[in-house]
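Structures incoming, each one as structure tokens.
Across the two complexes that follow, chain A remains constant while its partner is chain B and subsequently chain C.
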Partner chain A sequence: MVDAARHPNITVKSYTEVKRVEGFIGNFKVLVEEKPRYVNMDRCNGCGACSPVCPIEIPNEFEEGIAPRKAIYIPHAQAVPLRYVIDEEACIHCYKCVDACGKLDAIDFSQQPRQEWLDVGSILVATGFDNFDPSVIKEYGFGRYANVITAMELERINNSAGPTAGRIMRPSDSKFPNKISFIQCVGSRDERYNLYCSGFCCMYTIKNAVQWKQTYPDADITIFYMDIRTPSKGYEEFYRRAREMGIRFIQGRPSIITEDPKTGNLFIQAEDVGLGRTIELESEMVILSTAAIPRVDTDAMGSVLNISRSPDGFFMEYHPKLRPVDSPTDGVFLCGAAQSPKDIPASVAQGSAAASRAARILNADEWEIEPIVAMVWEDRCISAQGKKCGICATKCPYGAILVETGKAAMVTAAKCHGCGGCVAECPHNAITQKHFTDAQVISQLHALLRHEPEKKVLAFMCHWCSYGGADNAGTSHFEYPASQRGLRVMCSARMDSDFIFEAFRLGAGVVLVSGCHPQDCHYITGQRVGAERFEKLTKRLVDMGISPQRFRVEWISAAEGAKYAQVIREMDQTLRQIDPQALKEEIERTRPELERRVRRLPEIPDVALALELAKATS
Partner chain B sequence: MQHTDNTPHSFKDEVMAEPGGELLQRCYSCGTCVSMCLVNQTCPDYNPRRTMRMVMLDMREETFRNPTIWHCSACDLCHPHCPQGIHISDLMRAIKNVALRAGYESPLPSAKVDEHKCSGCDICEKACPYGALSLAAKTIDGKERKISQVDRSLCMACGICAAACPLSAITVEDYSNEKVAAQIQAGHWLKKAKSGDPKVLVFNCSWNLRAEADRDAMSELPANVRVVNVPCSGRIDPTFVLTALQAGVARVLVAGCQPGECHYKQGTRIAQGRMHTLNHMFEQMGMDAQRVQFVQIGTEDRGRLPATILDLVAELKSSTVAVA
Partner chain C sequence: MSQNEDLRIGVYVCHCGSNIASVIDPKAVAEFASALPDVVLTNNSLYTCSDAGQRQIQEDIKNHKLNRVVVAACSVRLHEPTFRACVAEAGLNPFLFEMANIREQDTWVHSHEPEGALEKAKDLVASAVAKSRFLTPLDMIKVPVTKTAMVIGGGVAGISSALDLADMGIKTYLVEKEPSIGGRMAQLNKTFPTMDCSI
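== the complex of A and B ==
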């Protein structure tokens, strides 16, 4: 941090909060608010005359509350900048510090919050993690038994610059504990709290145990664990060294800790799984390796930056394998424990990767974006006519659409990734997608269903998965009937109900809509937008008199060629089993209602022309 | 070597298809349930984690022969602590049901109803925490009567019914009224110990001491203290207390589990009611109400029971209490 502060190209804005982010990749505008520190940064020289005279003492957050701090303080020894700050909530305005500061006159109670807009090209999110509060696991007694502490507290007690000046003592009687135990996975790998593995606790526990054993070779140290995870370079070797040093590893998750009130010693009960027997181990101090959890303000930060969270609650990356440092919003990058729990080497690696991803943008005069983007027909958008709508904005996984009543919806092309969900969802057909306009898709539909439509299996496919699946079926020689007619769009989100109505109106025998499995969706939540629509559509089609077996929804990945072929074979079979006369009657019977459904399609620019051309060539 | 079968329709699938067995495969063998459970203090082969593994590895007959499925009393101390959300006692019951269908029987002793004494009052049926008792018509001495019947596959031998029955028509092997009475008096300890040392009798439930040190301390108490172990404080028939007081005991201490931790679900609550009634009775009779005391020992109460007993002994020594 000190190095960063000295770097000519880096400005550190401490005590400053990001309030709002507008704009897009390469052109963000960020509103930040610097909180008042009531100390003038230019005048304060960090001499420290003020702090000793302050009468207030409150728990020091940096020291995990083990040591006190004053209301005028420096957060910690390596703080940048190394200047004092006044904790307004704790301060009683006795002004003793003002006297102590004297001629320097650095204390300024008139400071107000200061806001400013910054122009930035890209944003890196490195907000880190929080620690799980183990007091909710009642059976471990944290908060009730003085000598049950967290690993973070141990880090402070064990630090030569910490509150005990590195002298290890246990809380109940300040005695040196010679017999200690560590418990792993406290709040992680536990469905009651967090299902995921926090990743770094195994290694830091071994580190703390080894350090302890090096300093105090007679110490009796036990680590209770379920699995020890050592997946990085040199880690397994370190684990072996710890065992060879005589640190005891017991595989078994303790069920309960009890305390002897007389001695303050703790008794841990666990099954030694290797032994298959319950053991009771007495310890003078117990250290809990608590889960790393998403910061409390993750949601607030996420909505400011328009980035989402994975099921574990941490910020979600664009793609877990191929774009692990990009967020779904172009120009915003993720690194460190903000994205998922990771240790320092991994955080540094990801930070460096994110910085170079960001540098590409800063060094470019122009930036290529997706050509396939949404575009609003402003005269069709009812929002422009002063009516409340904004459906499109709610469907966009990227927050690329801004709707203000009185103005037409506005798509920021640089943010749009081109799933087409907004296009399909707009009830007024006021948005189109470049390269996949309604007119283009409808032309294709008419061409595909020109001859004997009632004998066709019409398949809508998403570009990334089911189209890949169909391709895979081809290259792998999984055969399927020639009655199939495929129509590719970018995402199942783009598969407009109108297209399906039009297909049935034209007399398509059976219709398939297919896309990615939810977890594979290329557009974060595009598949979900499609899936929700198809669920309603399935019911609506049946209500309209269309036999349920004529419409099918399937999620097929690019690797599932066999599945694609199987689905098409089954649909062809289904179609053959329907009596042709009955099918003909059904098509005729349902046509008027379908016609009513699609009657407004020709109002969309170019669709009338497309329909005319289709008619002329048929 | 253990041969396993991971094909569909294996033993594992049969257990998982049974209500309660669904989550079997979530278990990652952390052992939390095992160390929370107190049964393995008395029965070292008892191990729910290992039993689950045996099912996963398709060890059908061995699973049925293992004591675990039969000994689990569904006290559910373990379940709230399982990090995988597995309801262990439901799983044990699922396995037990499969075993029962396969013709296996519970190796536990069970309550026995003396059909000649039983009047069919139905009190036991309401008291049993496991629904093991029900009234059924039977011809006794040539007359058709409704009498209480025990379902052996459900009975856990807690003895709550035996204490509840107003006609002493139910007995549980090893803890019959006669055997408990004999233990109260045995060895002439009441006469033997130093004169002047008031006697203390402790009825202790078998499941309230988690700490090894506490279990050791219970066998090192002074000579004027006697501990009679019972399966559950709910087994304590008020007449046991009266028998003891009549025999010259100064104080009776009944120790059960903390509510919510009872090994037999509701035994401690039932005992609490019974002891409360005794306190009242004593008071109305002009006796010292505290001649019988009830304590509920929790999982975390390390050292509490031995300390309570010693405190009581000390208190008695320093005061002049009416003994008769």
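== the complex of A and C ==
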């Protein structure tokens, strides 16, 4: 900690939050806001004269609420920076601290939140985890029974710098508890709360038990566990040592804890898998190994940073095997428990890994980004003809398009991320997206529907989420009918109404448009641009006489392989339920109107040729 | 643009060991592809992404003057970068490469429907070939780099990464929302596996 603060290349911005992120790999602009400490960092020398005079006492978060703190405080004795801070919500403005500070004059109630924009080339996200609140598991009585505590509380009680100066005592009567029990997997590996294993709680419980037993060899210690997980180097040996020391391990998840109100002792009922029967055990204190859960603000941070979450709620990596510390957004990396629960050695290793991934970019003189960007056909843009338009600019999440009436719309390539929303929304077909041009997509459509189109489930997929979801269905071997035909574009924003009209014109049985969930969109608001369009389109298709069940919109994340397979299964089922003759008639009946809708497509460069080629090949 | 160009498309259908070949016959897909207009060469290999598989593509680009390459194999999310680099090394613009996903999105999900999977593989290849005709060479966009990093979160993971970056000579902002850095680790007593104090 101190090394970081002292390093000449590191600027610690404490009490500071990230509000906004703009830009792109190599060129991010980050708006940060420093909260007012009401203590001048340059003047405060950490002497501590202020805190004792403060009349306020509130629970100290660092001590897990076991001990109080003042409204003016330092988080703990080793805090970096070692400067006092006033808790605005708790302070009653009695100004006793101002007097105590005296000549140093470090207290400054005039401070305001301070915002600044910082230019950075890469961002590393290391926001860690929260601890599960065990009071929701009513059977364990946490919050009701004084002597049921969490493992983090034990860390504080058992700490020479902690509230009891390291003297172990139980909360109800401050007596030393000789007979204690630990309960594992509290909120982890439990369908009611979190399915995943929190990974490090087996080891920290063994650590605490071993340490306790070393200090108090007579102590009677029991650990209730589901499975003991000790996969890292040296961990299994450590576990063995615990068993050899006489710590009791009982396999079974306790069903209920009751308290004897007179003694404050606790009775744990559990199924002992080894014995094959229910047992009851009396303990003077019970310690709950609570799950590591995603930070409460994970969603908010995710949308600021444009990164998404895995089904377990932690930040999602680009690829679990091959790019474990990359986020899906170029130039943004993940490390530590923010990505999934992990212990200190693993967090340090990931920290180094993320640093080296970021250094690849930061040590380069320039960085190459994919040229899959929007491009304006100036002769087609009506703004160039002096007409007011600018629809494209309103759809761009990045402010990459500049429209001045009299000139053609202009795209700044480095700012464009290539969602294709402007392309699909331009009513004059005056913009294209490189590598996903209309001619390219239409050629694909014709190829995919060249044979028995009425029996096909045509699925438009976005590159990041639903295509990833389809891949996930594949790696998980979730089967679905082979009637599906997939067509990938970068974002649901690119799925032009014309493509869907064309698919139906060609006689596609059912059509799926699928993309990211709104919070997962890789183009900030690209998904919203698509979603708004599809909402209108759904109505329009029905007006045109297309049965509503032939068009479906679904948001599927890269982790939702099961959902992807399920959606395709359902759509295939739907298609099979439609009477083939009726479907044929519907296709014939709606074709003239669909033809009218797409009549201007051939004006787009290359599209006429694509249609001609498609005809020749079919 | 494509209409003025003499197209020479090469199509590579991968077995992926038995991942693809145990469900469909990659040769049948290649045969289908060879009948598509402008396809001048098709190939099957056990692992197209292997060294030998990539070398074959590179040699074919030179010897057969291929100007489009289509690989039917796994997901673009896995190997598109591999094959783009492969064709680029042989002098072809990497954006003249196209991929058909016949593994994750075909044989791995239709193993009980091999005939349907084969028909689908053909359509996916037809689609990739159709798109490839309209591909145009593109150049990567070069952007400048601000040589500064930001680490959000001052726990042990964030501190480690900030120290590594700083030691590599990179200016780093370490942003922490609490008044002190340290994260959860600062709250711990002794830590496994070493049992030393945490701070």
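By definition in this document, the second predicted complex is superposed on the first by the 381 of 618 C-alpha atoms of A that agree within 3 Å, B and C clash if a C-alpha of one lies under 4 Å from a C-alpha of the other, contacts with A are read in each partner's own complex, and residues count from 1 in each chain.
Just so we're on the same page, a residue touches a chain if its C-beta (ideal position, glycine included) is under 8 Å from a C-beta of that chain, and two chains touch if they have at least 3 such contacts.
Computed from a prediction, not measured in an experiment: that's the story for all the values here.
S.K.: Can A:394 be said to touch chain B (first), chain C (second), both, or neither?
M.R.: Neither: A:394 stays clear of chain B and chain C.
S.K.: First (chain B), second (chain C), both or neither: which does A:273 touch?
M.R.: first
S.K.: Per the overlay, which chain contacts more chain A residues, chain B or chain C?
M.R.: C
S.K.: Can A:336 be said to touch chain B (first), chain C (second), both, or neither?
M.R.: second
S.K.: If we overlay the two complexes on their shared chain A, which of chain B and chain C does A:115 touch? Say first, second, both or neither.
M.R.: A:115 sits against neither chain B nor chain C.
S.K.: If we overlay the two complexes on their shared chain A, which of chain B and chain C does A:226 touch? Say first, second, both or neither.
M.R.: first
S.K.: Quick one: is A:255 in contact with chain B, with chain C, with both, or with neither? Answer first, second, both or neither.
M.R.: The answer is first: A:255 touches chain B but not chain C.
S.K.: So chain A touches chain B in one structure and chain C in the other; where do those two contact lists coincide?
M.R.: Overlap of chain B and chain C footprints on chain A: empty.
S.K.: Taking the touch rule as given, give the residues of chain A at its contact with chain B in the complex, in rising order.
M.R.: Counting only chain A, the residues touching chain B are 139, 141, 185, 189-192, 226, 251-256, 258-262, 267, 269-273, 276-280.
S.K.: If you look only at chain C, which of its residues touch chain A in the complex?
M.R.: 1-3, 36-37, 75-78, 95, 101, 103-106, 108-113, 116-117, 119-120, 123-124, 126-131, 133-136, 138-193, 195, 198-199
S.K.: Which residues of chain B touch chain A once you look at their complex with the stated criterion?
M.R.: The contact residues of chain B facing chain A are 28-36, 40-41, 44, 47, 49-50, 78, 81, 83-85, 210-212, 299-300, 302-303.
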